[in-house]
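Sending over a structure as structure tokens; questions will come in a sec.
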Amino acid sequence: MTTRVSRTALAARVASDIPEGAVVNLGIGAPTLVADYLPEGLEIVLHTENGMLGMGPAPAEGSVDPDLINAGKQPVTALAGAAYFHHADSFAMMRGGHLDVCVLGAFQVSASGDLANWSTGEPGAIPAVGGAMDLAIGAKDVYVMTDLLTKQGAPKLVETCTYPLTGVGCVSRVYTDHGVFDVTPDGFRVRELFGDNTHAEIEELLGLTLIERGA
Amino acid sequence: MIDKTVPDVAAAVADIADGSTVMIGGFGRAGQPVELIDALIAHGARDLTVVNNNAGNGDTGLAALLKAGQVRKMICSFPRQSDSWVFDGLYRDGKIELELVPQGNLAERIRAAGAGIGGFFTPTGFGTQLAEGKETRRIDGRDYVLEYPIHADVALISARRADRWGNLVYRETARNFGPIMAAAAKTTVVQVDEIVPLGDLDPEAVITPGLYVDRVVAVGERRWLHDGVFVGGVDIEGRPLARNGADA
Amino acid sequence: MTTRVSRTALAARVASDIPEGAVVNLGIGAPTLVADYLPEGLEIVLHTENGMLGMGPAPAEGSVDPDLINAGKQPVTALAGAAYFHHADSFAMMRGGHLDVCVLGAFQVSASGDLANWSTGEPGAIPAVGGAMDLAIGAKDVYVMTDLLTKQGAPKLVETCTYPLTGVGCVSRVYTDHGVFDVTPDGFRVRELFGDNTHAEIEELLGLTLIERGA
Amino acid sequence: MIDKTVPDVAAAVADIADGSTVMIGGFGRAGQPVELIDALIAHGARDLTVVNNNAGNGDTGLAALLKAGQVRKMICSFPRQSDSWVFDGLYRDGKIELELVPQGNLAERIRAAGAGIGGFFTPTGFGTQLAEGKETRRIDGRDYVLEYPIHADVALISARRADRWGNLVYRETARNFGPIMAAAAKTTVVQVDEIVPLGDLDPEAVITPGLYVDRVVAVGERRWLHDGVFVGGVDIEGRPLARNGADA
């Protein structure tokens, strides 16, 4: 049985890699949790693509401001040092490479860094992309935060994505419940394995050859 | 004297023709010009193409416009939300067309329309289904897709304050698509909390200069503000909170 | 001898065609004079492409503000209702067709509305274009304000420009010291002739066939 | 703590390498970062490509940088002014290259660099010498020229106020190229009148968000201001006026 860390532990693990001063966009869903684990006392600037830098935590009850929301349409607050801007300026920031880190969820990540996270390609589903494709190319480093396997046990780190792509060759690192993997020109390289997980075990779970840690 | 103020929302939307392309501001509910949308429903223009980031929430605002059967096509980035049941039903019944655009390309295409740009190469969407059939090009080692502007006949947006020249300031993340839609439409109609005397807006802080605006209509301060100060007391949809011991 | 109006009279003539509420850019040189003749009491919004709408007249002596200049780098003032913006936004306004009128000078205007006003093509001259090409396409109506003839007597309204072009098919009307001419799909049409000037006289001065006024 | 302030202009420009492309803000003298340019002259980096709307006025600022022989190439829209004698001389002597760009295309190309756009179709310049050899295309009945972004290694700009995160506000038409150059350069260095505590700048009125800024240096209030209020008393070049009866 392999070691799996909880979603919150994984959020904390991602958070620990974000340096002071970084400008970071946390995608909708699990990545949003990362905000709760950013080191106290360090200044990290959160971007929300609906038009704000310097996003703060959720407001106190009774102080919800419908004009002040994040990309998930949840109420947030503004820190000292915040700035507002319109949508074209906001996505220009991402597209222009001015964010340091985006953290995103994924259905699949390929060994060449392709990301699939916007559509399962299920017939009859209403397609919706939002900012997914912009976020995928929207930072110097694009981190994916995901389980290693689907609930059905299928690998989410794959040789080639079978789901519709969100972006090509855009992912730099994948944080999973089993370990952390860098995307290199030669494929996935193990960065860290949680608990007693071994290189061979993870390769077997994925059916993929992984580059040894530190290699 | 230049005076772009109009007395009410009905007058503000009275000339919107059937078949128009209408940009509607807002991201979810923030910045959605609900009173103008209601006026458009009352006005009854049909066969509209609507540009918005989403495709309506709940049963009000844009969702109500869809429900009224006035919209032929949506151009948006994210039509599927937990409370987008009106759009969902129409789409599944084949009663509405959908053009899905990545959010940043949507914003940049709207910006391009206002800025007189004929087309632009964007990296967003390259290699994906949403770029299928589109022209691509490798420039300086990066792959791009050619995207074209989205023009509109009318933009309906909301802002915090206007003056009679149509200069606008917004509030927080309700700014979102307002400034770029105002520039991309032939006619731009704005609902604001209040219209202030000319000269009251700081020229350093005007976000949408008046030349982009055709009509402004004051709809009164929103519930969570009082004399321009945030007073809270609402939920995320702007509904008053039940107070302890009060008969809410 | 034909009738010629003075430059200031011509500026007044241009000004009289600008309606209340118009957003107007007055080019460097003679067009700047138009500002002095805009009808009192009418609100006309002046744009200066270095980043301002609602430009007012020159400041009082002693109140010159080096941060507040027009495109000719002269000191100006801001009216109530003014707004500042950056250069990309400013030229987006022009390119996007949001100005009602630009008034420009010219070396030559062709019968199809081509404008030449940025370079005489003289060898050895240092080339400089500034905003000329943006202004040429920068308004719903582009008005040219110029003498009908050069100092040497050569026509400035021509079949085809011989000087380097600033813009193609961009001019809608030409205000000259002899009269006013609209650019139509079929060539120049006389709009107004000053004093006793006759259609035939102007045609002879220009060596061009002009469409009759009102035709 | 994020603190982008640096103690002096020398420290602010110390790492500018020979051969860099340097964007310099300002339109004529308004917004020209004179103290940073002086520091760059003292620093001595050579073989620079400089992007500015003009090519220097008089003998100070950008003109002095040109005179010092540090600039290999100018990218600008309007190098020929009544007081651009330094550039004129270098150009006639074949000592400097010139890339001439229509002003709006210059601004849009700088904007494109910051916005991650690979190229764009602009109507400006179509059919002119300045579009010769460039790709053109007719889109929806209008003719366009394809233009590419202008990236820079460094931007030197000036603003009115900054906070330690690098958020900026400008003053009047001195804003000009500052916001787009800040976004287009790998490293952006800003001189400001004053650095204010974090939170003092209104988030609705921040023009350049801090993520575009790497270093800010306070150079003191300009002569025509006192505690942020315009007091005049200078000519258009910022030189004190001779006072009546005073020994100026």
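Each chain gets a letter, A, B, C and D, in the order it is written, and its residues are counted from 1.
Heads up, the rule we're going with is that a contact is a pair of C-beta atoms (placed from the backbone, for glycine too) under 8 Å apart; a residue touches a chain by one contact, two chains touch by 3 or more.
Note that the structure is a prediction, hence the values are computed from the model and not measured.
Participant: In whole angstrom, what separates the CA-based centres of chain B and chain C?
Facilitator: The computed centroid separation for chain B versus chain C comes out at 36 Å.
Participant: Starting from the mean Cα coordinates of chain B and chain D, work out the distance between those two points in Å.
Facilitator: Averaging C-alpha atoms per chain gives centres 34 Å apart.
Participant: How many Å are there between the centre of chain A and the centre of chain B, using C-alpha atoms for each centre?
Facilitator: Computed value for the inter-centroid distance: 28 Å.
Participant: Two-or-more-chain contact residues of chain B, please, as numbers and ranges.
Facilitator: Touching at least two other chains: 108, 115-117, 122-123, 170-172, 204, 207.
Participant: Counting only residues that touch at least 2 other chains, which ones in chain C make the list?
Facilitator: 52, 78, 84-85, 92, 94-95, 137
Participant: Edges wherever two chains touch, nodes for the chains themselves; is that graph a line, a ring, a star, complete, or other here?
Facilitator: Graph shape, chains as nodes and touching pairs as edges: none of the named types, so other.
Participant: Taking the top-of-page definition of touch, could you list the pairs of chains it picks out?
Facilitator: A-B, A-D, B-C, B-D, C-D
Participant: Per the contact definition, I'd like the list of chain A residues that touch chain B in the complex.
Facilitator: Residue list for chain A touching chain B: 48-52, 62-70, 73-75, 78, 84-88, 90-92, 94-95, 114, 119, 124-134, 137-138, 164-168.
Participant: Which positions of chain C touch chain B when the two form their complex?
Facilitator: 20-21, 23, 43, 45, 47, 52-54, 78, 80-85, 92-99, 137
Participant: For a test of understanding, state which residues of chain D touch chain A in their complex under the given definition.
Facilitator: Residue positions touching the partner: 1-2, 113-117, 163, 165, 167, 183, 198-199, 203-204, 206, 209-212.
Participant: Which part of chain D faces chain B closely enough to touch in the complex?
Facilitator: 108, 112, 115-123, 137, 139-140, 142, 144, 148, 169-172, 202, 204-205, 207
Participant: Mind pulling up the chain B residues that touch chain A in the complex?
Facilitator: Residues 27-31, 53, 77-81, 87-88, 91-92, 98, 100-108, 110-111, 122-130, 143, 170-180, 207, 222, 224, 230, 232-238, 241.
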